[in-house]
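I have placed the structure first, in the form of structure tokens, so that the comments after it can refer back to it.
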Amino acid sequence: MSLPAEFHEIAKRVNNWGRWGADDELGTLNLITDAVVREAVATVRTGHRIPLALPLRQDGVQSGLIPGRINPLHTMVQINQEIFGPATVATSDDTVTMGLQAATHWDALPHVSHSGKIYNGRPADTITAHAGARFSSIAAVEHLVSRGVLLDVARARGVDRLPGDHAVTPEDLAAAEEFGGVRVRAGDIVLVRTGQMRLALAGDRDAYGYPSPGLSVRTPEWFHARDVAAVANDTLTFEIFPPEIADLWLPVHALHLVEMGLLQGQNWNLEALSTACAEEGRYAFLLTAAPEPFAGATGSPVAPVAVL
Amino acid sequence: MSLPAEFHEIAKRVNNWGRWGADDELGTLNLITDAVVREAVATVRTGHRIPLALPLRQDGVQSGLIPGRINPLHTMVQINQEIFGPATVATSDDTVTMGLQAATHWDALPHVSHSGKIYNGRPADTITAHAGARFSSIAAVEHLVSRGVLLDVARARGVDRLPGDHAVTPEDLAAAEEFGGVRVRAGDIVLVRTGQMRLALAGDRDAYGYPSPGLSVRTPEWFHARDVAAVANDTLTFEIFPPEIADLWLPVHALHLVEMGLLQGQNWNLEALSTACAEEGRYAFLLTAAPEPFAGATGSPVAPVAVL
Amino acid sequence: MSLPAEFHEIAKRVNNWGRWGADDELGTLNLITDAVVREAVATVRTGHRIPLALPLRQDGVQSGLIPGRINPLHTMVQINQEIFGPATVATSDDTVTMGLQAATHWDALPHVSHSGKIYNGRPADTITAHAGARFSSIAAVEHLVSRGVLLDVARARGVDRLPGDHAVTPEDLAAAEEFGGVRVRAGDIVLVRTGQMRLALAGDRDAYGYPSPGLSVRTPEWFHARDVAAVANDTLTFEIFPPEIADLWLPVHALHLVEMGLLQGQNWNLEALSTACAEEGRYAFLLTAAPEPFAGATGSPVAPVAVL
Amino acid sequence: MSLPAEFHEIAKRVNNWGRWGADDELGTLNLITDAVVREAVATVRTGHRIPLALPLRQDGVQSGLIPGRINPLHTMVQINQEIFGPATVATSDDTVTMGLQAATHWDALPHVSHSGKIYNGRPADTITAHAGARFSSIAAVEHLVSRGVLLDVARARGVDRLPGDHAVTPEDLAAAEEFGGVRVRAGDIVLVRTGQMRLALAGDRDAYGYPSPGLSVRTPEWFHARDVAAVANDTLTFEIFPPEIADLWLPVHALHLVEMGLLQGQNWNLEALSTACAEEGRYAFLLTAAPEPFAGATGSPVAPVAVL
């Protein structure tokens, strides 16, 4: 078995290897120039801020299906401990154990490989248990601020939530642009809303997991044409799951992360943002979404904030 | 033994309990209004972004002295695993275990208590092993974007690094304002640079730990007068350590977190920012610094970004 | 609400506080004398060994119902890493994160408290986040070898598995003694088989969890009369669950751990032992079951071995 | 670079691949027959039990030098939590995160590989991040009870502790046998005492780590000739460290684990056992030392108990 010819043809069309040099570890994040950030800042009207992260909790969205991807286990290592003696100032401290891809997160580029390669043609075996990912780990993403654009596919289609078998197509994205009166451009971080998160917020993490609407294998070409910097959405699997093409698993991951070097975000809560954008009638904003710089990691939780 | 009268007198002068209502969990973050954010955005000139977080690594700044506050242990739970069968797309996944206060972080308000109380007069025993902090946990801080101001005390005094016994005073802060041509105002996030981080960056985490320059017990009144929203610096202990007053441990923590409800940040790497501010001759910028929303937690790692 | 009079009356009858001195931390483990161990050794006939622990795996018996009690998460931190250079000997290393009560385990005496007290009348608040249990932590149990006796209640009743609403009574225990031709005596470790483990081994951890057969609130008096050193069984909850008496939760835990100072074991796999004992027609053997000495812990995984 | 000819010659002489069949995962543990266990049991005289494990604590013997091998971090997830309502029985629960080789432990056979192979000639790449070790993981060791023999090399040489550059030779082992009036035979678990543990017990974990006395590269042939089942000692590195032969790192590990399939134990506290054996004038005893059955793991903490 191997990846089908169809996959390789799309891969050829969207491939960015070498585009920013043989040493590049950042991929499409290179598209976020200072000028793009200045324009992002210029979108701010009210100063209103909307958080897009789920709380980090042990009853988070992971159901146990993805091996090792555990919900955050938060523990107190000190509670009101008078470490310097009785009746002194007391301190409380905590630890956490969690899967880095368990909650609202960014996938780093080496999160997936195919045919033995990660982004920019590097060998996949540069990822080791000892050091994690040697190239393009999430720690390479030192900052992440740009213009955010919400493509509210669910609202554009007049539904609260897309059905579980809905593959979001380039046509859906274009229709959501038109609905929002916004045009995606180079360096943007695109947030695609399916409404699937409503299931998780209602407490049904099994239904949230799958079947899940998500990006079609045809969307990477659209993002490539627009030169977007990163894409995030409100599902567990990011792309439609089960997949559109039999036995072709995670093709969008492979195209985005390996071929394009495009950062992906999952489990983003876009519900409040959807309401705010609809109320204000504008779908572009300043978006801050820096990952935590875990050395060698192939992902990181993120607490994104949209500033309208 | 109990806290000295001097402490209680300052406490009375800076206390904010009830100022934003009996139910408030946010303290001085209430000072970051939409208008403050609009002004913060207006400081951006170049769009250049500077990250302020240390990488999250097992050889981080914790030396083992603070019990339970362990450096991040990053492990791979999958490496190029073809979870859907041979020659399919392969995935890599990671987990982490870490002290939430181990690296570049925010202290949440209940991180310290004194006299049995946390911020807003709530009982300290509302923090439990089962649920963590019931009030004012870091998850209450859903977003954090404001104007950042660098008070570069080291550079203003013409040194790379303040000596280990230097308590940063209100006079130091005022001199740094004048040096930077900036005036701290309501809702600002103030970054105080001592240069102590240079020791950690040079690999000497023991020397970095202590003796350490840091904030004097006199500074909370200055921050209170200016109504700042949050304060962070480039040391392990935040305040001068060992303390200025014998047997009065962590007084600045107690005044900021308990009395004022003012968020504190530690282990911020301000070196690149110091250089950039000096080169551009301006010390105010847009600062994004949202914590990860760990439910019940008394702190969180943060990946702050200054946008100049 | 408080514990019913019935509970307090039993408690009075089985209480061992002070029996081994005010400083005692071991409770009924004091009953395992050198002479008892010599007798335990004398039971060995064939030298055949039977393990009683479940494998430690992420798909273990915890279903998420007990907060924080997570199944073992095993990760590799090195895989065939040539740490001393190319073509040298390579090493693999692992870490684990787990709930100490998640798998086959011993409860330490302070695992439960009631009315503010733990075993030997000590205050329950001697357990802290900082140091764990100051008294009677599992690390106090430095070794654990004694005579084991299997009371195979299921087999004695002619069933594979007791029904979920079966409270194991003193009469059941006595009948199992008679069935096995064995008499429980001072210092024994008693293993009570319900057959409930067959559900877990068949992969149904929800059904395994509850409703579950288990010890009746009447059994602690029987164990007290016989002066047993410890009791373990093959269920998640140890005692019948839901409980026999409305709103009286975990009474057997409270009687054993707090009043008697009797160590309890849960999730022990007694299936192979049941078969072997039936085949050989003898139900006493040498049992080794030392916990791992986690300082301050209220429990520990254990890998018990019966030597027949 | 590759392993020297000298190593390969010894390897040929001690190799056990295929000895117990191509499918064998247990190596020399096959030598512990029921008859050996009956003889082990027959050594018991007094019933006195001596624990050989160090407490599991955050200030354990790991100093940070071995990447990822962290000392146990014990945290409480519940403290006296009345989970069923006020004034009910309250529970305390804990979790731990630790390196499986951090404390008193067994190395499983795949803990090291050389020339791409693990025990019994299997490929080293059968160890993965996803599943750990597929063959000979510590979970394959379902029980471990045998005769233990203390070879008290330090005491036999009349010193408290061997010097840091002392390689324990076959001659040392034979002298310790003679000193103890015992002869090592097939299926025994041999405990070799250097006295190095005294440094750790005195709180100096750096000195404990290295330079360290330990087994010479010549000892595997001696253990092979005697057909011992397992070997443990009281050092961090097991073998002399730095090594005897320049650039030949961990040769004893490679010979024992890969070639012979012989289980190794490290960081065993043999001090109390040394005293007891000297007092009683006998050096053989019943030893129980079952590892925790972590699925896929290359090691496990162990709480060994000697029964005299």
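Should a chain be cited, it is by its letter among A, B, C and D, assigned in written order, with residues numbered from 1 in that chain.
Just so it is clear, contacts are C-beta pairs under 8 Å (C-beta built on N, C-alpha and C of every residue); 3 or more make two chains touch, one makes a residue touch a chain.
Each chain and its UniProt protein: A, B, C, D = Cyclase family protein.
Predicted model, so just to flag it, every value in this text is computed and none were measured.
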Tell me which chains count as touching both subunit A (Cyclase family protein) and subunit B (Cyclase family protein). C, D
Comparison of A-C and C-D by number of C-beta pairs in contact, larger one: C-D
Quick one: subunit A (Cyclase family protein) and subunit C (Cyclase family protein), Cα centre-to-centre, how many Å? 45
Quick check: how many Å separate the C-alpha centres of subunit C (Cyclase family protein) and subunit D (Cyclase family protein)? 27
Which residues does subunit C (Cyclase family protein) have that touch at least 2 chains other than itself? 67-68, 70, 73, 75-79, 92, 95, 97, 128-130
Residue ranges of subunit C (Cyclase family protein) in contact with subunit A (Cyclase family protein) within the complex: 58-59, 64, 67-68, 70, 73, 75-79, 81, 92, 97, 128-130
For a test of understanding, state which residues of subunit A (Cyclase family protein) touch subunit B (Cyclase family protein) in their complex under the given definition. 1-3, 33-38, 41, 44, 46-51, 53-57, 66-70, 72, 74-80, 83-101, 110-114, 124-125, 127-129, 132-133, 139, 142-145, 247, 249-251, 253-254, 286, 288, 290-299, 301-305, 307
